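Accompanying notes for the structure given below.
Chains here go by letter, A, B and C, matching the order in which they are written, and residues are numbered from 1 within each.
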Amino acid sequence: MTATIDNPPVNVLDAALITELRELLTTIRNDTNVKVTVFDSANPDFFIAHVDMALIDEPHAFDAIARDTPAGLNVFQGLGELVRAMPQVTIVKLAGVARGGGAEFIAACDMAFAASETAGLGQVEALMGIVPSGGAMQYLSTRMSRGRVLEIILGAALFTADEAAAYGWINRALPAPELDVFVDTLALNIARLPEGVAAAAKRVLPLADLASGFAREETEWGQLFANPAAERLIRGGLAAGAQTVAGERNLEALLRRIA
Amino acid sequence: MTATIDNPPVNVLDAALITELRELLTTIRNDTNVKVTVFDSANPDFFIAHVDMALIDEPHAFDAIARDTPAGLNVFQGLGELVRAMPQVTIVKLAGVARGGGAEFIAACDMAFAASETAGLGQVEALMGIVPSGGAMQYLSTRMSRGRVLEIILGAALFTADEAAAYGWINRALPAPELDVFVDTLALNIARLPEGVAAAAKRVLPLADLASGFAREETEWGQLFANPAAERLIRGGLAAGAQTVAGERNLEALLRRIA
Amino acid sequence: MTATIDNPPVNVLDAALITELRELLTTIRNDTNVKVTVFDSANPDFFIAHVDMALIDEPHAFDAIARDTPAGLNVFQGLGELVRAMPQVTIVKLAGVARGGGAEFIAACDMAFAASETAGLGQVEALMGIVPSGGAMQYLSTRMSRGRVLEIILGAALFTADEAAAYGWINRALPAPELDVFVDTLALNIARLPEGVAAAAKRVLPLADLASGFAREETEWGQLFANPAAERLIRGGLAAGAQTVAGERNLEALLRRIA
């Protein structure tokens, strides 16, 4: 099946979208008819912008989700781990940009393919005075060297699809006109495999245990988020146009101007 | 030394070839005159096609080999582990195509170099209704992300040398006219190193312990192989021309037509 | 800050340079004003040539450094681990060539960027009859497959920046005219991050424990270094022009001619 993310104007990851994604994933994982889920976006320019920055004023927005999240995980880690533990295959078709929690969602999926000319991936959290807290450094560390993870996190640049593929962040970059056919063919091929093959392959490859990393990132995030710098950057970013189409075009530059 | 694989028409990995490879490896590992072994193929188009599909009618063909295989490993894993544990250096020169157990043999060797224009690597097992059971997912997991392993196993596509190098599946892809000189020079350089250097380097880099993965893949393989789908696809593949030169040109398409 | 290595004619890593680097690193790690250190070279052609081969005649040159090195590490491993454990970010700007202990120093830093047209990286130790003993195989194993590490160590070739980036040895290769701007911008961006972010990210990503590997490489190195072949190659290399600008241009060929 295809799950199309649609939360205008730029698909911020807010409590409503997380709730929808959790319900969808919980339904799918018990549906033996679903072999593969392809995540794409109704907005060709943005896959998931990042976590809703306006949440700085709504500290209780996630309380309901937190109650349904396993101990040892925050709500963003809980979303990632729900995706990562899916018995069926999950694939991201990335035509546009994903930053922060959106990039973390992609990293939690089994596979990701992105358009060379139009896609972008970035962990922008450092420019908000924090570290990612939805698993970014844990997921990336299963794919690339520590030095490349540090470059992604601390350089906080928007990576092109080609750069992301070279680092192993995504499976591969494809020319934009070929992205749909490539991903749809792959998904169809997997869906048509004999019963049980895909689930068996996923069981042969158990998930890395990232629990201690999740704990570290939550601790470090909490300390940084309590600093005045984080609040100043997040509020300043919103005031300067973050979460609008124009502001998100180059969110990195927008946030660096405030800092 | 060079070991040239020659089992016409397409170098299927049958009991006879496995027996020969085991004898060769057992001899070499005790021969202090051998510093490096380069594996190539007498057939420029095929390195090792894959495990002999006709074995579906000869369940006891491997009994003798199984008796000589360490506990905890099936015969294909046993071949891979024999290669992987060699104290000397093993290098694959890949001009043609290797699928299934042939690709697993390559992944068990220390290094592999492949021709950009002509080489191909594929784990085609999913199209036969099974998962690889000769270590593919274990060996590949030491080299690339879980998502890329899943793409290889479940997408079941034939990878070019360039694609394989980009994923870390092989050391590197080279223009076909340069493959011989590159690999022969590398092998000669290693063979000429002062006594003890190559073996010391291999000891400094101990083998990853893959025992639990081997057990998982054997369990999952056994359950899938017992399904009617696997038998139908393997017999159907043979009837449609698998293991002939023509049928092996695009074995993936041949098997997908049956499914 | 920028630390420029300057030990003419080719920046060999001798006791004096190691001592200087240790003093610098020890000072920096306690200086809360330093967020990022960029290492470059006063010599555009050579970053750090390799460990001073003349030390074969000065077995006690490192005694003072050894007394300040933690148990379980030799002096070269001690330098690498001092770098690797820095709480601040360390970045290498590689315009020229680094071999042996120079390449190990780079691998111990958090990130490295190199010029496509001019940079080179090589572990040349095998051509001296030894294995690297300053962590090369340990550091490289955190970044690439065992087979690629073996190729680097036993092939002992000088890798271009593009080859090194493809293997994950360095973060990325850049056109030479862009290297300065890229690295300086990255360093400045990291230095300008809000207080605590960079250190937090480094804490979220703990260092791999490489202690058993350090012990193995020290043991193997010691046995090989005691062989007559190592002394013959090292003395022969010096006599043939190693550690001069001309001899270092193609040190690999120079050492192979002796062997």
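Just a few scattered comments:
The rule we apply is simple: a residue touches a chain if its C-beta (ideal position, glycine included) is under 8 Å from a C-beta of that chain, and two chains touch if they have at least 3 such contacts.
What you are looking at is a predicted structure, and each value in this text was computed from that prediction instead of being measured.
Summary of the copy comparison: rotating chain B onto chain C for the best CA superposition needs 120 degrees, to the nearest 5. Copies chain A and chain B of the same chain sequence form an interface built mainly from non-equivalent positions, shared numbers / all numbers used being under half. Chain geometry summary: the mean Cα position of chain A and that of chain B are 35 Å apart.
Residues of chain A in contact with two or more other chains: 166. Per the touch definition, chain A reaches chain B in the complex via residues 89, 109-112, 142-143, 165-166, 168, 171-172, 186, 189-190, 192-198, 200-208.
Those residues of chain B lying in contact with chain A across their complex are 126-127, 129-131, 137, 141, 144-151, 153-156, 163, 166, 213, 216-217, 220-221, 223-224, 227, 229-230, 233, 256, 259.
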